[in-house]
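Next come two complexes built around subunit A: one with subunit B, the other with subunit C.
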Partner chain A sequence: MDNWSGYLGLILQGAVVTVQLTLMGSALALVMAFLAGLGRLSRFFAVRAIATAYIEFFRGTSIFVQLFWAYFVLPFMGISLTPLQAGVLALGLNVGAYGAEVVRGAIQSIGKEQYEACVALNLGRWQCMRHIILPQALLLMLPTFGNNAIELLKATAVVSLISLADMTFQAQVVRAQTGNTLIPFATILVLYFLMALCISWAVRGLERRMARGLDGVRAT
Partner chain B sequence: MEWDWNFVWQIMPTMLQGVKITIIATLLGSALAAVIGLVIALLRRSPNRIVSRSVGFAAEFIRGTPLLVQLYFIFYVLPDIGILLSPLVAGVIGLGLHYGTYTAEVYRAGIDNVPRGQWEAAKACNLGPTQTWTHIIMPQAIPPMIPALANYFIAMFKETPLLSAITVLELMNQAKSIANSNYRYIEPITLVGAFFLVISLCSVFLLRWLERRYGRIES
Partner chain C sequence: MSAPIIEIDGITKSFGSFKVLDGLSMKVMPGEKLALIGPSGSGKTTILRILMTLERIDGGHIHVEGEQLYHVTRGDDLVPADERHLAKMRQKIGMVFQLFNLFPHKSVIDNVTLAPMLTKGVARAAAEKRAMELLDMVGMADKAKSMPSQLSGGQKQRVAIARALALSPKIMLFDEVTSALDPELVEEVLNVMRRLAEETDMTMLLVTHEMGFAHDFADRVLFFDRGRIVEEGKPDDIFRHPKQERTQTFLRKIIAAGHRV
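This part shows the complex of A and B:
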């Protein structure tokens, strides 16, 4: 395997795409998680029904099928997406559905007395959610969000199958060009693992930061 | 492009074959994951530091990397060192190994949840380690973790389309080959989604039942 710095460069190019996908997918997932999670707790039946349908649909079918559907079926309905857009859309919506349940669970786990205190202080529903409930619930959501982000990172490998040049795709290219299977795949396995470690470190750091000053206040 | 019911009925037999392979892969993978999870959980409790640390790291590594890449690894790299696997076998091993690292955590939590007193009572009754595990600890640890295990098996079911990447002829691959030869993507891919939704909704009901039946930990 001569000229292997060139091949490493190819894999690193793929790594950039993987990181991009992970970041954009996570951003979309975060938005969807809050929209659907809060939607499930809504007063209005229609909103609850839509949010539940979204969550059940995206959790009930495989991410793989969703990706293929976004990439191959949507064009027939007049919506053409680039592989990157289809990837971000499928990953974000899928992980967002899982995240929505985390949001719902965390909000519901906040004690009833907090809501009663809101009423007692004459805060509106929105003010109560924004200033009282969410700051406490966010801390509970963080560790699970970290896990979800790692799941999303791992799911990005699937986009190589719709011809997006991510890390897995580039490893296949290197394999096809050199005939060497062990080295490219071992390299990307290590790279994926390092990325996953980065995410869990970042989330742990964020959690420590946000928990500052809450010791003793938090009911655990 | 319109939805064509005739085409749906025409491709249905092929799709059902794919469903069969998907279900077989899930069942075999679940069985393997249940065994591997138990082995990992037990090895991580080993008093030998080297064994427990290295197994722990290996499990972390497998959990932190994508299943797709692991499948490629098993399917393309192992033949180089003389281990030739059929696609389905490679897929089942990949699924079992990947989800084994998840079920290991379930086993760990289940075993940790058995009260200390049970261990002490087993020792007081002069039971050996094997007797303690098989007669005292496991019968108490396993029922509460059945719902969590089933949860992972449903998750595994939804990952089986990845096996199409290593040429297993499961549901997704059948749909893709139908789509490629007929230039119609809407029906096959949508049917795959529908099949997955129906099967996983059924398994959610099964899961709810399991939770009611086994989920409660008597306190």
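This part shows the complex of A and C:
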């Protein structure tokens, strides 16, 4: 390992890709979670059916297979994605399906009396959802969203299988070039852990900020 | 004599096999203060919830200010009302709940201003000015910036009253508004309602177990039992000289349980 700073540079380049994947994947997952979670609660059967089908399909099939579909099978249907796009798509759709159930559960846990206050104050369904239910439900979703984001971070390692140079991919490159297994894998172990720690802290901070002055939802 | 503001005609309502309202009919005149009393399960809270459109009716008709509450005419047919009609009718009616139902993530003043701003398009400044007047009236102006979690039950209920008043309803429904309060906090809420009754011409329907308050507050008392009105009349007649045996039994039990009459 005479050139170890160069190898560390490789791994850090991979870390950037991992962070990118995590951020973009989480953003897509968040959008999908709210779309499908609210969809599950829709008045319209068709919307509920589509949301349920999405959730069950993406929870029920492996993220490996979903990624391979996004990258290797979609081109046969005329949709060619870059490895990064395929990675974000598979991760976002997969984790979004789990998030959707979190959104639904949190919304349903807000008491009936809040909806009744909305009716008594003549707020519309969407006004009630947007101003009364969602702000309270969001606080309940946060801890599980934090879990999901960490799951997504760790799942980004699968993109190395479609030759996207993320942190895990680069560690394997370093291992192949140096023959040293311990150092590259120990390095990414620590880096993954630090990234997960960042997510934990960020979510906890957000939770504390949102919980200020609140009762009934959860005392903090 | 003017027309009734609320006309209820042959309302039936069941929860499963339990018949809560059994062909109930009643009229309320504009500005009238009504006390609805009776054992639990007698349908008195249900009739408030039906007026607030929180429960649907199984049969019968309700008119508010001469207009059907749950039906609209399409051509020559009377069809169930859609959400738009209900929203229009709800503007006339406000409700205060037993458990306050404040929005815990909104400050006191935001609780009061939210609905006028969202449903009537009132500008924030105007909504806040009106909210402060109302909070002042219920004695909560100094807590405008507090969160609901920082208030006592009595304070929460006074804020809830201000919140309902902010939409200037013609009819106010009070559903056991002091039942969830510690005894020493009941009076501060009752005082607010006494003032409301004296200073406004709002029509007020009150479901309560506070017989003493019902006696002072109401123009007319309705005694409910098993989904029907068993007896109605002036407070003095109902409380001092009840004619029906069921009314007598109920009042005896209430007095035995330590409620003042």
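In the analysis below, the second predicted complex is superposed on the first by the 214 of 220 C-alpha atoms of A that agree within 3 Å, B and C clash if a C-alpha of one lies under 4 Å from a C-alpha of the other, contacts with A are read in each partner's own complex, and residues count from 1 in each chain.
Keep in mind that, in the parts below, contacts are C-beta pairs under 8 Å (C-beta built on N, C-alpha and C of every residue); 3 or more make two chains touch, one makes a residue touch a chain.
Keep in mind it's a predicted model, so treat the numbers as computed, not measured.
Within the superposed three-chain model, A:Thr187 lies out of touch with both subunit B and subunit C [touch as defined at top]. Residue contacts after overlaying the shared chain place A:Gln170 against neither subunit B nor subunit C. In the superposition on chain A, contact of A:Gly124 is made with subunit C only, not with subunit B.
Touching more residues of subunit A than its counterpart among subunit B and subunit C is B.
When the two structures are aligned on the shared chain, A:Glu113 is found in touch with subunit C, with no touch to subunit B. In the superposition on chain A, contact is made by A:Phe64 with subunit B only, not with subunit C.
Of the two partner chains, subunit C is the only one that A:Gln136 touches; subunit B does not reach it.
By the touch criterion defined above, A:Ser26 lies against neither subunit B nor subunit C after alignment on the C-alpha atoms of chain A.
The residues of subunit A shared by its contacts with subunit B and with subunit C come to none at all. Contacts from subunit A toward subunit C in the complex involve residues 113-114, 116-117, 119-125, 127, 131-132, 135-136, 139, 213-217. Those residues of subunit B that touch subunit A in the complex are listed here as 1, 61, 64-70, 72-73, 76-77, 80, 158-162, 165, 172, 176, 179, 185-186, 189-190, 192-193, 196-197, 200-201, 204. Only residues 52-54, 83, 87, 90-91, 94-95, 97, 99, 101-105, 107, 114-115, 118-119, 147-150, 163-164, 167 of subunit C touch subunit A when the two sit together in their complex. By the touch criterion stated above, subunit A contacts subunit B in their complex at residues 56-57, 60-66, 68-69, 72-73, 76, 150, 153-158, 160-161, 168, 171-172, 175, 181-182, 185-186, 188-189, 192-193, 196-197.
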